[in-house]
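What follows is chain A paired twice: with chain B in the first complex and chain C in the second.
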Partner chain A sequence: MSDNPEHTPRALDGRAPDVLRPGGWVPMRQYDEDDAVDFAIVGTGAGGGTLACKLAEYGFSVVALDAGPYWRPLDDFASDEHHQAKLYWTDERIVDGDNPLQLGANNSGKSVGGSTVHFAMVSLRFRPEWFKARSKLGYGVDWPLDWREMWRYYAEVENALKISGPVNYPWGPKRPRYPYRAHEVNAAGLVLAEGAEALGIAWSPTPLATVSAPRGRSPPCVYRGMCVIGCSTNAKQSVLITWLPRALKAGAEIRDLAMVGRVEHDKSGRVTGVRYHRRGRWRFQRAKNVVVAGYSIETPRLLLNSASSRYPDGLANSSGLVGKNLMVQANQAVWGIMEREIRAYKGPPSLAITEHWNYTDTGKDFFGGYAYMSQGPLPLVWSGVESSERGLWGQPLIDEMERYNHQVGLKIVGELMPQERNRVTLADERDQYGLPISRVTYSYCDNDKRLIAHSLAFMRQALEAAGATEIWDETDDTCHLNGTARMGDDPKTSVVNADCRSWDIPNLWICDGSVFPTVGGVNPSLTIQAIACRTADRIKALAARNEL
Partner chain B sequence: MPDRYPGYDVLQKRNSPSWNDQTRAVIDRRMAIDPDHHGFFTDAEWPTLRAICERIVPQPPDRAQRAPVAAMVDEKMHKNSGDGYRDARLPPMREAWQRALAAIDAEATSRYGRRFHEIGALLQDDLLKAIQNGEVDEKAWDDLPAKVFFKMRLLHDIVSSYYAHPAAWSEIGFGGPASPRGYVRMYFDRRDPWEAAEARSGNEGRARAENARVG
Partner chain C sequence: MTRADPTLDLIANAALAGAAVLLVARPRLIARVARSPLLPTTRDVAVAAARLIAPPAPPPLHWRVAKVRELARLVGKYSPARLRSTRDIVKKAARRLNGSTALLAFLVLADSAVEHYRGSFANRAMYTPLAIAALTLAGSVFGLADARPNRHAVRDGIYAVAAVTGLAGLCFHAYNILKRPGGLSWLNLFYAAPIGAPFALTLAGLLGRGAERVRDVLPRRRPTILGMPAGRTLAAVSAVGLAGTVGEAGLLHFRGAFQDPAMVLPVTVPPVAAALLGAAALRPTLKTNRLARRWLKLTALLGMGGVGFHIFGVARNMGGWRNWSQNVLNGPPLPAPPSFTGLALAGLAALSLIEDETDA
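And then the complex of A and B:
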């Protein structure tokens, strides 16, 4: 096929794909590689894509590069888990530690729009106290951000994505009502509700980034249930179909299939641009500022791979913390069987949630919190849980899989502690570009294990109360990636400041989930986008004061 | 065991509003896979892999169109399409499979005097259980950790191939492709007319009739 976006870039010759129209194009401004743009942004996901939009709208010249293809969901997405693996970052990475992580489909996207092309759309605000976890709750570290400021940016993102959610959210300080009405809760979500009500805790329809009513050329969600393999109707409000069309309209250039291998610097130590591979050869884009937004594995990998005689430990790494404090979130589950048919494949996978244990500090033998949500695993994912996790094969696997439409589960997004030993380093092996690949090392600490045990015991009660039987624990799963370039107030103990600006190199910025000092017990995408909006405002303010 | 979803065939929906052209193209390619084709595994390795697949995801002998599981695993190896991570205890995917198949045959030969595909289902299951538990002859496996391979590669690659096939979707009553039509009925015990009807005691005939109308 001549128009295979996995092999040939689409954003070329003054145009980029119109992601909302089959076969469509929109005009795209282009910059010369020798033209030092205001910002070269590496990565177009929740961090980089959002920031590219906001900076372009503020009048900065922006080139945003992504290693992944530029999809038109209406043209390119099939209703098939196997085929849609094309959305994931499947280049080799090595995993080790006591609890080796699952990457790829689990948490790593390779697409223009990043992981939001395949995320489950769960859009939650942090609990305010998490921004001061050390001072207020006694664990982890404080963020250099104030929750009240973040509350304004959360509202901006929720409106930009037209989040569908309840009129009143049961937890946390007041917030505006969600822009679109909540989605109907499916049977799997109603099981969560029944369990919560039996145990006397609050629950809510989950605020989701998929529209419940028409929005421009996005139709309302049709409950196809294949959100995590890419939405084929554009109901999902991913970065690909929200921030990036705005970015193009405001004059940003997006380069797809552009793998950045190195950030270069001059003799003074300031960065000068990015060396990247596209259309068969290495190229160089000059830039006055570089933003690294490749998420918690590719971001430290790029900074470490950019080591030079001046920066032998990699860029922005005088603290020694680049790659360290990698955090995932606990993603353990309890599963059971209901007499009633559930058919959890219908609708977005997590339509109901409780944040009870995020906002309750008593009755815990651990620091941090967790949310838990209803689940709707598709057959490939579910068969992986039943086989690799539960150890079933042969007729017992076939028989258990036949009960697919009666299975029901509750799954946490749980806060795990930052630990320096959990980290991204460079391995000896190299990838198809000749770049050293990542080694990702992860082990739970005792607090993590206590949180997990607490959640499994509680969810088991909830599932039992809802009438499920044959309940079993899925003990080995994690989700999301955060940390590896944390923000802070002190250059000795952090990589970037509150503005996502690196302490070491004033024109090098990091803007993605890497900057999280702690993770909280909610999915990170809304917070990443809120931080990107704040960073854009700070850059605008600094530029106005001539402090860039 | 009787069919839970008698007469349900997800492929009946191929020309319905639950499938679009993109999905038809993808699934047509999968349905056309030659079950005997192996572009990566050698002729010597092939019967071993096929026998393992038969035991991991057994299919009814009378099934009209069987999922070509071994050929799908072969295609994954041929394309070298990895999952995006590799346990540090394992070598790269292709090497892991080649070494493991040799080790499994070596185990079968040393235990039973015949190759894996020649020892029959009961002994095959015994041997697979031993591998799953890491109770293996270390000489055959060298430094390849059998238990890790079984979980991370053998089960993962075989099971994910089977459940990517429409025959498996029909077996479990999954709705299958669903774009653009999606679903309407989200409540307990509710099915759209284009979803599988489950047989419960006494209503097998009715479920079969409903499933004949799915489309």
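And then the complex of A and C:
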């Protein structure tokens, strides 16, 4: 097929796909490879896509490259879990450590728009104290950011994505009203609500990046529940359909199926552009600044792969911290059976949430916090959980799947600690582009294990209180990636400063989930986008002062 | 509130089933109950309220002057030309009231059919508003076609049942909201049974009864309701109805995040009309009446225009009108906006009665 976006780039010849119309196109400005653009951005996900938009709107020339395809959701997305695996980053990677991570579907995307194309849309703000975790709560490290400033950028992102959220959010300092109203809570969410009310803790409809009323060409969500395999109606406000169309309109160029293998630098040590693979050969895009935004595995991999005689340990790595302090989030669950029909797959998977244990510091034997949410696993994923976690196979698995419509679960997003031993390094094996692949090493620490145990026990009580029976624990799951290029105030203990600018090379920036010093107990994408908006404002300010 | 209470459910269902059986088995009894103007308590309250809002008595005049004035008034009032014009105005108003009752009943029928179908008629009681609204509609069409001036016991009875059914529906919807986790919360107000919807049936019933009362006057008398001039009572009812409808539109448009600027119209135009109509009910003056008339007409137009907006709103759902069977259920309700039209027309009818009353 000539129009298979997995094989042939679509953003060519002065046009890019119109993601909001079947078969549509929009004009796209293009830059010459030999013209040094103001910014070459590697990755178009929550970090890179947002930054590309903001910088282009501020008048900078921007080329954003992504290794993934440029989808038109209305044309390209099937209601088929298996087929939609095409959205995941499934290139070769090696995992090890005491608790090797399962990489792919649940933590990395490979698409223009990044992981947000198949993310679950949960859009939460950090608890303010987390930005000063060390000084306020006694664990991890402090961020170089102030929560009050972040509060403004959160509002900007919430408005850009028209987040649908509750009229009053029960936790944390006052926040402006969510631009759209919360979605109706499905039966699975109501089970969470009943459990929470029985245990006397607050719950809320989850703030989600999928619209509850029409927005432009996005129809309101129709509750098909296929969100994590890619929304085929465009109700989901992913980076692909929000920031990137804006970026194109503002004059950014987006290059799909463009895998960056190396960031080059000159003799003075400043970066000069990116070497990337597209349409069958290696190319070079000159740039005055390079932003790496490939997420917490590909970002350190690219920096390490760009090692040179001048930077033998990789770029921006004088601290030795590139690749270190990789953090996932705990994603354990309790599952049970309700007598009444639940049909948890209906609607976005996490329609109800409690952040109780993010905002309560007593009654805990661990540092950090967790949120838990209602769940709506699709059938294939669910049969996978049943077989791998409970060892069901053959007739017992078939019998259990008969009860799919009655199963219900609660799952945490839990804060795990930054540890230097959890890291991304380079392996000897090479991938399809001939680049060394990454080795991802991960082990829980004792605090992590205590947090998980606490959450499982608590969620079990909640599920019991809501009337579920046959309750069992899913103990082995993680989600989200963060860290590996942390931000900080000190070049010795961090890779970038608060502006996401690398300490070592002034025209090299990192703007994605990698810069998190700690993860908190909420899903990260809203914070990543807020940081990108802040970074854009900082870059604009620095440029005005001629300090780029 | 955490769980649905099965006992409560049972009681509510039994009560409704009882009412339904009674309706079919003992229509006479129902009619007799219905013939007493609304229910005694409601009536007492209404009379008291009416007395409260009645304008204060004018200062006493010298008895001679008063006599002469009274004589002049009577001569004017009972002059054949005046009588004829009053008769015409009253007849027209009665027909208009019949018309708005028919419109409201039709809207309730359409809306409850769509919404309760969407709710899979999970509870048998959900058929009730369909049946009663259909009866009310039939009664009003009959009323329109009926050239005889007298009120009609069956129509009157149907309207009373409609008014009471609307109130029962209100209780059902309130119960539906309160039984969910979160109880009285924004979420439940948005997505549980719409709290204001059944009220439309009550309004249809009240206006229908108003129409009956208005047409049923001797040629020499002006209609009254609950001891008040009919025009003013009906204006008050329509104003309250408009206000309630504004509340409902406001709630649902807030749920829709006022994503289209036109969504502000129903919370800006009709409130003005309702306020002016209310003012006309309390203290009719030439100026208020004229203003009220203008805003009511605008509101009536807006109600019809709203259908157009809602048709467009349905189109903005996934699959648009090609996927009508889903989107008519999911999109903005098509029968909702003309409630404004129905109430505005009733308000206009009430105004013409008021004008006739005041220049008497």
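The rule is simple: the second predicted complex is superposed on the first by the 548 of 548 C-alpha atoms of A that agree within 3 Å, B and C clash if a C-alpha of one lies under 4 Å from a C-alpha of the other, contacts with A are read in each partner's own complex, and residues count from 1 in each chain.
Quick note on the criterion: contacts are C-beta pairs under 8 Å (C-beta built on N, C-alpha and C of every residue); 3 or more make two chains touch, one makes a residue touch a chain.
Here the structure is a predicted model, which is why all the values come from computation and not from measurement.
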item	value
First, second, both or neither for A:Pro205, with chain B first and chain C second	second
First (chain B), second (chain C), both or neither touched by A:Thr233	both
First (chain B), second (chain C), both or neither touched by A:Ile398	first
Most chain A residues touched (candidates chain B, chain C)	B
Contacts of A:Asp96 with chain B and chain C, given as first, second, both or neither	first
Chain B versus chain C as contact partner of A:Ala193, first or second or both or neither	second
First, second, both or neither for A:Asp313, with chain B first and chain C second	neither
Partner chain in contact with A:Glu81 - chain B first, chain C second, else both or neither	first
Touched partner set for A:Ala182, first chain B, second chain C, both or neither	second
Touching partner for A:Val222 - first (chain B), second (chain C), both, neither	both
Residues of chain A that lie at the interface with chain B and also at the interface with chain C	184-185, 190, 222, 233
Partner chain A, residues of chain C touching it in the complex	2-3, 180-182, 186-187, 190-191, 254-257, 259-260, 313, 316-319, 326, 330
Footprint of chain A on chain B - complex, ascending	1, 4, 18-20, 22-23, 25-27, 30, 55-58, 81-89, 92, 125, 128, 132, 151-152, 155-156, 159-160, 162-164, 168-169, 171-191, 195-196, 198
Touching residues on chain A, where the partner in the complex is chain B	75-83, 85, 88-96, 100-105, 108, 184-187, 190, 221-226, 232-233, 340-343, 345-347, 378-380, 382-384, 386-388, 391, 393-395, 397-399, 401-402, 404-405, 439-440
Sites on chain A touched by chain C in the complex	162, 166-168, 179-182, 184-185, 190, 193-194, 197-198, 203, 205, 212-215, 219-220, 222, 233, 235
